[in-house]
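Both complexes shown next keep subunit A, but they swap its partner, so subunit B is in the first and subunit C is in the second.
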Partner chain A sequence: MLRAFTLIACGLLIFVLSVAIIRGLPAIDLVFLTAESKNFGLEGGIFYQTLGTLILISGAAAVGLPIALGSALFQTEYLRRAPRLKKSFRVLMDALNSAPTIVFGLVGYLVFGAAFGVSWLTGAFILAVMILPTMQSSMVEAFEALPESYRETGQSLGLGRGAIIRSILLPQCFYGAATGLFLGLARAAGETAAILFTATTFSGVTIPESASDPATTLQTHIFTLAQEGLDPRAVENAWGAALVLLTLVFALLSAAIWVRSRLHWESAV
Partner chain B sequence: MKTAALNSEDLRSPMFWAVSASALTALVAGLGLLGFLIAESVPVFQRQGLSFLTGAEWFGPDEFGAWPMIYGSLATAFVASLFALPVALGSAVYTAEFLSPKPRLAVKAVMEYLAGVPGIVYGLLGMTLLAQWVRNVFDLIDGNSIFTAGLLLAIMILPTVTTLSEDALRAVPRRYRETAWSLGMNRVATAFCVSLPMALPGICGAVFLGVGRALGETVAVMLVIGGLDRVPVPWFNLFAPGQSIPSKLGREAAEALGGGYHWHALMTLGLVLFVLALCLSLAGRWFLTRQRSA
Partner chain C sequence: MSDQTPAVELRIAHVFFKNRRVLEDLNRRFPSRSATAIYGPSGSGKTTLLRTLSRMNDDVEGFRVEGRVLIEGENIYSKEVDASRLRRKVGMLFQKPCVFPKSIYQNVVFGLRHRDGIDRKALPEMAESVLREVRLWDEVKDRLNEWAPTLSQGQQQRLALARLLILEPKILLMDEPTSSLDPRSVEAIEALIERHSKLRAILLVTHNLEQARRVCDEIVFMDCGRFLESPPLPHSSPAGEELLNY
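And then the complex of A and B:
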């Protein structure tokens, strides 16, 4: 009985993957991957959609990574002697993590949309805030797992806290930070609701040329095609795009799991 | 070594300022999110007070009513936990108590990938397969219903609940199991009478966090819930189409973008959703830390 439940749970992954492959693979060929979409997604490909997803997640990482890294360091290194503050900061990050993604879209539009309108940049900022807690918490985990003896060695050599961060923590915890980055990227790549009405339009978009241009992404493309629903060509192309998206997200997740497995230290002396 | 929280050397180091600046940015982002939601909701509560929460009609004469959406969110979350709980708990117990380290790590990895599957892919799956199945099995006119959305959400929160419950079970110290075994209890009895009760706070935490996640899911629910702003008659008829808070937001945000009373009503809806999710998540975290310190 218990084993059956476990098999059901694990079987879900195989189920999702096989449905995506069976339904998506017929839609995918070289043209599908390299052409722009035509006739409202019924014909043509998903080249600019894929590009848009990559642009948005790169932008989100570029904005979010320094903030996540800095706030993780602040929390673990500078709040060491202030456990109360440290705990409050953690609760705040948990709260940010629990916010439904559509709420990020609503508020993000008010804040960033005021400056850039419906644009890829607005979307990148929104996604950056959204993945901040994901990245931050796995970085905190890595910094906290670093044995205390590493820091003490630095202190005994007369290094200040800044120097310890620069020459001990960051190199030693590099894989931890990379894990956080990849997890954040995977989360951003899978997100639809937050960018649906803030960063993307459905058709007629190629490469955004200025800060106020909207993008088009795989996620929102699938969503719009799925809403069409009735046309079998739309559904087939939606599955094709879904397979590409799933491949991207799983590649990022695998990268995260791989770099995490490389994170280990000599045992504390 | 005892030092002050900060010393003068810290204040001179550029690293400190860089790190503090980003921490401050994160702080502003977190507080700003809640602040903006509250500020944008003020006009709604000023004009109609709490009748916003109880009104049954979204586009009333000059008032908005959010009750059908709140009902839809709670009902889908209820169905989701109903279906996810037994499977998640069963797999967590099996993985934590009966599996050797290697297959255990494999299950954990599978759960991590499952949790990473984008919501929109689940939505597509729900639309093309699940809604059809629900329609055929329950002989409905339309497969898009509150029940379908809840079922889809159950699949989506399954990995979160499983993996967190498994962590909670693993956190039960081994000596308790060994004591039970030495008293002649078999592994199944030990799992259910010793490990499970001890891990209960952690499991509650896992369920709370899972349900919190379910409440916020937008696109997948939008595609299968039916999109009707009405509490079904009778109210427990879950096979009727409905609307959840995020699906309402997803449908109407684009047309109301940025201004007007409609926009304020949507932001208030967002606030209600955030507060619900926040309470669940904070309660969940509290349970998880209680488990850890026990």
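And then the complex of A and C:
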């Protein structure tokens, strides 16, 4: 029975990937990847949409990474004598992780949109908050997996908590923390609802010139073209953009898996 | 610190882990230049005592000390004492060696790199000196840049000891440092204890009574979280015999 469920799960994934590849591949060529979108997406390519997506997830990483890292360190290194508080922290992060993404968009627009308007910066902040639990919990897991003997050895050599974090914890957990970052970015790259009305626009934008400019992204492009279902050119370009987006997400997930395989501390210690 | 000031003075009423009392009525002075063995059965509180002396249990939930622990006359559990500053003079060697996934050389100088006012150019010479002290130099002098975790367990323990000695702690706490090590490493560590007991206070937790007699100036017996006031004679009581032969 379990084997059947596993086969169903794998089969569904393979089906989705196959459809995306079969439908998307005919649209993809060098021009599609490097040209500007024209005629409301019916012609040209997706260069600036790809760039916009990369700008948004880079911004989300720049904002979210220090917060995720800081809170993960606080949780694992400074709350060691307060397990209840630590547990509450974890519940809070889980709750944040399970909130519908459209809610992030609404709240984010209320908070960040008031300051930056519909802009890529608003989107980066919203995505940063959204991917925070993914990054944070992955980092917590990496820090907690570090053998306690490493910390105690650092303590016995007279290192303070900051020095232990800088010289032992972060170098040893680098790959674990990087895994969290890539998982978070993969989630951000696939997100549509939260940025649809807060950070992106379908046309009229190439590269955002200021922090208050919106970006055009693959997600918005796919969403808008898919609504033009009667025009086969729109549908084909939507599938092409979807395949590029899927490739980007898989590239980030592969990066996460690769860096996780590099975790190399002495498990025997 | 005058020579009359003991390196360690215990005036411990109780030590707790949450509601569990693990140490009680520990009152004793340990002189500044001598080696003292702490001997007792498993679970008697020896390791807890050592960890209490270097505040290694600070992060353990529910750990608390009732009483005073004086290191060079200063109560280390007063709020003014910084634990990392304390551990610069109270070094601890653990039963199981822990070397960092770095080179042998980087391991030796690891702690020293975090001290202020250290002449970086002098580090290689200092590293050689302590590696000779622990009799590891001849075994590693041609491969100082090799990965330390590839060393044998005995070599790793000597490396951990060298890493501690380079910091010149005034008090050295050793928690069963030779258990399950090769004879060569045991001999090197025992010789070092004998030499360094003239320089600093050494507290050695051991399960090996012969070793305690060989290298220490004094043996303190512990059981059920307390010091036994006088060493039990082998045939004086069933308890004494059991303790000496466990």
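The criterion applied here is as follows: the second predicted complex is superposed on the first by the 261 of 269 C-alpha atoms of A that agree within 3 Å, B and C clash if a C-alpha of one lies under 4 Å from a C-alpha of the other, contacts with A are read in each partner's own complex, and residues count from 1 in each chain.
Here, a contact is a pair of C-beta atoms (placed from the backbone, for glycine too) under 8 Å apart; a residue touches a chain by one contact, two chains touch by 3 or more.
Note that this is a predicted model, so its numbers are computed, not measured.
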First (subunit B), second (subunit C), both or neither touched by A:E191: first
Touched partner set for A:T217, first subunit B, second subunit C, both or neither: neither
Partner chain(s) touched by A:Q172 [first = subunit B, second = subunit C, both, neither]: second
Partner chain(s) touched by A:T53 [first = subunit B, second = subunit C, both, neither]: neither
Contacts of A:P83 with subunit B and subunit C, given as first, second, both or neither: second
Partner chain in contact with A:R23 - subunit B first, subunit C second, else both or neither: first
Partner chain in contact with A:L110 - subunit B first, subunit C second, else both or neither: first
Subunit A: partner with more touched residues, subunit B or subunit C: B
Subunit B versus subunit C as contact partner of A:Q155, first or second or both or neither: both
Contacts on subunit A seen with subunit B and repeated with subunit C across the two complexes: 80-82, 152, 155, 160-161, 163
Residues on subunit C engaged by subunit A in the complex (per definition of touch): 54, 56, 58-61, 82-85, 87-88, 91-94, 96, 98-101, 110-111, 113-115, 149, 160, 163-164, 167
For the subunit A and subunit C complex, residues of the former touching the latter: 80-83, 147, 149-150, 152-153, 155-161, 163, 167-168, 172, 264-266, 269
Residues of subunit A defined as touching subunit B within the complex: 1-6, 8-10, 12-13, 16, 19-20, 23, 66-71, 73-75, 77-82, 89, 91-107, 109-111, 113, 129, 132, 136, 152, 155, 160-163, 165-166, 186-187, 189-193, 196-197, 219, 222-223, 226-227, 229, 235, 238-239, 242, 245-246, 249-250, 253, 257
List of subunit B residues in touch with subunit A within their complex: 1, 3-6, 9-10, 13-16, 18-23, 25-27, 29-34, 36-37, 40, 86-91, 93-95, 98, 107, 109-114, 116-125, 127-129, 155, 158-159, 162, 212, 215-219, 223, 246, 249-250, 253-254, 257-258, 266-267, 270, 273-274, 277-278, 280-282, 285
